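Below is one structure, written out as structure tokens; the observations come after it.
Labels run A, B, C and D following the written order; every chain starts at residue 1.
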């Protein structure tokens, strides 16, 4: 687990519709070490009112010059670390103000991630990997999807948002998944309603198939997805979110309730996660720390 | 993160860690001394990390050179492992953060077996923060820890709710403070530091009580009891409703308490509260602290403590002063 | 300046003042009520300005429409004029400021002659903050002020050093608190609010004492005792050495105290401490405050109080709630 | 006294040598109301760690398009308010980061200023007005000098700094004063040493003349200047500095010790000042609040 805390430069902070931004950072030491499912802690420098770093999934890593990370991800040419984020409060507002050339504190890569050891075997048992994303949750899924694409897995993305402006990052997914099912609450793009409806339809139609689900998004969506996975008996990975103090396992601020008792009752999203098997989590708003996005 | 002086201009606020190694000045030059001694224990410098903000040390070993620290105060250890509070446990406020972790920890036994061996090998000393819900359990915890080798001192955390007495906090009740400190001191194989709560009317009173009951040093402050509310849902931001406030916003009050405590007792005082850079640390030292602890700053800038080590060296070099000359050297008007 | 919700997005943080006039909603719509009553006095809304941060009102009349405020609490008035402390008197800290003004004020007589006539004409009520060094002087000050017409209430500032008792602060001594509140209440022609000090172990205790001694309402908190040091000169940043900390950094602790005080007493509680926007004000109201006071924020953003008036209206309208429904409406887990 | 609190736009923030900046703000309501000697309170928006506004002398006001404020200062075309500042701490560091198009809070104009009623009569009694500036103190003197120049007064500037980079704003003074005497501590420009030495020489040489002195700068320089004024019996105006909370007279944070007792012992720099007759001030570091610049 090689993590680095560095002051890095903003290469570009591209505004996208709906208050989203694609932030590209020059991180030659951090980018080559990123594994799918990991995250970064971003710090606004020179101010104490927005005190804590903000956790952000690592959306993508790229070679210098914006070249796409190809099959040899580990090569040293990888130096651009990309974050895809949405303005929701003052921390993300400060991040939105970043301009090319500005500096930020970047502590990365962090988290256990979708370990090859752990999820590849399960993926191999399945006929298709289904990614389920709600809004900015999409940011956690691109790198895993890319890695699975390299290994030639069949993949499908279910992606829901409130409006069509929430459906960011689609272009990046096109080359990696074989199909995309979109949903918006107002029906402006794709299905009208929650993304778990097309997912349910799909699972219902293909009860004979084996799927691996990977989900990230608001907790209501996660819960619904996990319910479906349980009902149809498919394994499900979830990328969890929680407020974070340190990102490295010392503050115990990010702990969520998991199966187990006593000292085993809580696990840290930043260290044991952010990706968990869905049946590990206690899916109860009160005890899991979920709901901060609701 | 406070007002910047010459000092901060030399060491600007940044996310990088581990500044250039300090070089030994040429012979003949003034060589400031930074070592400190508390209750017979030597610490290579006065910059420590605060309990609950630095895990068991190892977590930060990839990011900073732990051997440059004076001491590491580990997360509060209770006799048995504890699971802590349901989330949400933390919340950011203006220049501060609220936490109600609920003292999730591995317990004394696992600490000795799994954590202490790593810590023992460091040049930084190990201070074990001790926590329990009753005087008997404090004593029991210390007795368990006494088995460990290489502990520099205990830090008695008496700022936590005491279930036995119906929610009264040890650290805000003079009688209970005296009782638990005396009992702990009697049990302790290693020197005993007592960590005071800032949620009291008269900090000097508690400082004197702890001293009288046998404390070898005082560390202060722990967190201030605070609260935050989500107005959209009209629910508390922290599941525990109230929580402890830490960070730069509390520094002025913490500093005042350290100043008052240091004048009230003869034993050494260790300053804590919102320390985020060399200048903050120097303020506490000048107010009377013999050492300081970096807490919340570890979270957002893990390099803070190392930057402070270096900043204090630069300052002492520039001012031609030993650390000991600085402690409590505040010049006040004739009052 | 705390975390932004939907609310703050509608009323972004800015230096401009006096947002668009609030329009009456069409008939049939839900019309939230914002008036409050305390001890028989009606206030048109719960947004007041805090003592010592708004002068005698007139100073800000060029910048904001004073008639939109619920009340103006004037700078602490003592029986005789006072000259205050030598400078430096203020110092900025992270998300806060220290002040040791030393209660420079024009005295009761000049207040009645020179300041009250202007204030009396406003729709905002006048609350007179009263301050003295002894119980007799508190009473004397109130007796002098009783001559004035158009005072809505007194706000007894008991968080200041009491020379008679050798530096003990009225507001942190239960006996003195009881004594001065009872005496002031007896003397007062107008309702008596008591302003509590946050520098105490148990705020609920002082809340109950003040209530028992006859207070008609409580306002809290006053400033936290803090300190700052110039490390270059090794002198205090404030001539008085210690000083009062105010501003957004203290809000979590102030909010917790208001929550505890409101649960401890039956009389109304007025929330103060770091309020800088509508959301902050709503947190205090939801925690149990019937009104709030804006302090330090007036200095850096004079439009804050008006922005809060508007923000609370928008919130009540959106949530279809009267102000009274909000007071103390915090939902806590079953504990 | 018309003051306005507004969010205004930065037109330009020109970096000058030695960490100085010339900040031009678009302030159509405030600029036309400025009188010589007044100041502004500047607020960094959107952050609470640098909480208070920072007081800054109003260096100059100009017409739209950068045209110089001519003889008709009151005309409505005046809309640019200029501040000349130096980085000394975190507030000024935040101001240094301002870019064209950024917004700041501007509360201005503030302070009693060099009232026509008060200083013009005394100027008329004198043969020459001597401006004495130390470092960034220069910023308080340009507008008074310009107004005196319009009234065809003879004026001379004594201007000292640590290094030559501290001697900013000289170009603006050239057209308004008949002579400039510069001094730097290292002698890199003008006299070597403190500016009060050439001042003393000049006063010694012209004991028969009547002068009005106007001074602004670090407190040691002010004290030395005031000493000279006293010794040579010339009236002296000083533009004072102190930490400020509100700028409008309510916080009483900026009070300094003046001649008088009891309730008259302190006056507010922001309201009764920032310009005072030097003999009004109690020149004692302990009681005057001076020394914050020393």
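Simple rule for what comes next: contacts are C-beta pairs under 8 Å (C-beta built on N, C-alpha and C of every residue); 3 or more make two chains touch, one makes a residue touch a chain.
Computed from a prediction, not measured in an experiment: that's the story for all the values here.
Chains that touch both chain A and chain B are the following: C, D.
For the interfaces B-D and C-D, the C-beta contact count is higher for C-D.
With centres defined as mean CA coordinates, chain D is found 45 Å away from chain B.
The centroid of the Cα atoms in chain C and the matching centroid in chain D are 35 Å apart. For this pair, chain B with chain C, the centres built from the Cα atoms lie 34 Å apart.
Chain A and chain D have CA centres that are 55 Å apart.
Residue positions 1, 3, 92, 94-96, 239, 248-249, 333 of chain C are each in touch with at least two other chains. Contacts with at least two other chains are made by residues 46-50, 93, 286 of chain A. With chains as nodes and touching pairs as edges, the resulting graph is complete, every pair of chains being joined. Interface of chain C with chain D (complex): residues 1, 13-17, 52-55, 59-60, 62-63, 75, 81-84, 86-92, 94-97, 99, 101, 104, 106-107, 239, 247-249, 276, 296, 298-303. Those residues of chain A whose C-beta lies close enough to touch chain B in the complex are 1-8, 43, 45-53, 91, 103-107, 242-257, 261-266, 286-289, 292.
Residue ranges on chain A touching chain C, taken from their complex, read 48-49, 89-90, 93, 286. Across the complex, chain A is touched by residues 46-50, 93 of chain D. Residues 1, 3-4, 94-95, 248, 333 of chain C are the ones that touch chain A when the two sit in their complex.
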